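Chain naming follows the written order as A, B, C and D, and within any one chain the residues start at number 1.
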Amino acid sequence: MTNQFEPRDPDFKARVTQSFAAQAIMQTIGAELVEMAPGRVEILLPYDRKLTQQDGFIHAGVSSTIMDSACGYAAFSLMPADARVLTIEFKINLLAPAAGTRFRAVGRVRKSGRSVFVAESELFAESDGNSRLVAIMSGTLMALYAHG
Amino acid sequence: MTNQFEPRDPDFKARVTQSFAAQAIMQTIGAELVEMAPGRVEILLPYDRKLTQQDGFIHAGVSSTIMDSACGYAAFSLMPADARVLTIEFKINLLAPAAGTRFRAVGRVRKSGRSVFVAESELFAESDGNSRLVAIMSGTLMALYAHG
Amino acid sequence: MTNQFEPRDPDFKARVTQSFAAQAIMQTIGAELVEMAPGRVEILLPYDRKLTQQDGFIHAGVSSTIMDSACGYAAFSLMPADARVLTIEFKINLLAPAAGTRFRAVGRVRKSGRSVFVAESELFAESDGNSRLVAIMSGTLMALYAHG
Amino acid sequence: MTNQFEPRDPDFKARVTQSFAAQAIMQTIGAELVEMAPGRVEILLPYDRKLTQQDGFIHAGVSSTIMDSACGYAAFSLMPADARVLTIEFKINLLAPAAGTRFRAVGRVRKSGRSVFVAESELFAESDGNSRLVAIMSGTLMALYAHG
């Protein structure tokens, strides 16, 4: 279950940080990239009333937003320096309402190819020192190269 | 392929409208509920720079947000008046970058049960009078009843 | 909703037929390829007690087998003559038990790229002249080229 | 990551064994239930030429068959004695061709509710003492009760 990945780009942290900073949606919702290792990324999102669905929980689409980026940057961390990353699909299972003071999406790579990556992420709702798994995601990411 | 559903609640439009209005995330991103029929719902989202990923396209999580709500309200439109709706899972396939001036999510029910609903949604990117399919989603929704 | 695809290989029918015939599993379960058009394929499976789960219905994995091949060959029909096809993921929603005398999987392409294809399939249970939708699938297929 | 589940039915092993034995498809493909614990199940499938797709690998639908049953019986092991189990959806990501002498599907529960269960399974291809992850699945299972 441990991920033992060798990054193809030694500067992957700078590359991931820069790309994350370019995702305007992350500032809009207040999400932060808090951890990074080869093939593994964590994103943190504080609860905000403006992100909720009709019952006051974080909307599944918002959970998807940070979980998809957690998958995407876990994959991107393993890509060569000249690649761009593109999500081609993901699926999310919602295990419990996203209720808490903040939310942690943990993404990790399960398959690292030249073009095709598969990653999973888990979403934890944190509250008063407790952490509870509330969603799981699996997704496929593509590495795109300018030279085709 | 046509949906011929009988709403169990004749006032379904008021109920759907009210629930959609209670989704704070919809105001945050600027999405509007624009069409409603039994088992079918359309949501419109204008392009906004603040909703983008690193390449300037609408983030897949934002696309998911309106597509999930399109599925959810398509299902909710067929539920009895005393039911709440909960997404339990969805999967999205991204067919093309979400580039356009506005985005239309069209949700429709494929299975309508007492508790379990299955719905699909399609996302169209609109630009200069053109409309292009950019994503498809399938999801499972549950009807929850206070009396269990 | 209509698929208007131009096959890149005019001999696609021979190519699809030959590949389908090479799927030993199809003979094992008794499935037949019955319709083919560019981007669209139908597979028929008679009910057989030996394909069932614990309640006597066709097992979801068997439904997946013909629905995945329906997606795969719908995509393969649009690929150039030198491509191989590979499923990279699919998701199935089971709308009703697979009860009937035979089962028809209808696959059609939603996105046709150079490498990446997205297809959907529907499964119909047929019985006494009636046809009932019992499952839906969406999947991603890759075209692989020997020259990379 | 460890599953610590209390079975609601102390006789869950007999119940799971009996239901698995009633899945005719398992005999047809040669699959065996080899491990069982509360919320965790393993199924083993020897390679058989009759289960293959066009390139001689195990067909993705066959992989799905044992992975779905691994998810289903992992969930079923936690259900009360009077419940039936039904798959409502699953998604599979194929990480590598299913090439090997035998295949091991390991299913484990991620969420255990009264009605709704979420489980994951992994598929390992074994060959000459080596084991390689070739597919991952997530799925939703329902517990059905005769009394509604």
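In this text, a residue touches a chain if its C-beta (ideal position, glycine included) is under 8 Å from a C-beta of that chain, and two chains touch if they have at least 3 such contacts.
As the structure is a prediction and not an experimental result, all values here were calculated from the model.
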Practice task
State which chains count as neighbours of chain C and simultaneously of chain D.
Solution key: A, B
Practice task
Using the touch rule from the top, work out which pair, B-D or A-D, shares more C-beta pairs.
Solution key: A-D
Fill in the blank from the handout: For the pair chain A and chain D, the C-alpha centroid-to-centroid distance in angstrom is 27
Exercise for the section: Compute the distance, rounded to whole Å, between the mean C-alpha positions of chain B and chain D. Expected result: 32
Exercise for the section: Mark out which residues of chain B touch at least two other chains, giving numbers and ranges. Expected result: 88-89, 91, 93, 118, 140
Handout entry: Footprint of chain C on chain D - complex, ascending
Key = 19-20, 22-25, 27-28, 49-55, 59-62, 64-69, 84, 86-94
Completion exercise
The answer for chain C against chain B in the complex is residues 1, 91, 93, 95-96, 110-111, 118, 120, 133, 136, 138, 140
Handout entry: For the chain D and chain B complex, residues of the former touching the latter
Key = 88-89, 91, 115-116, 118, 140, 142
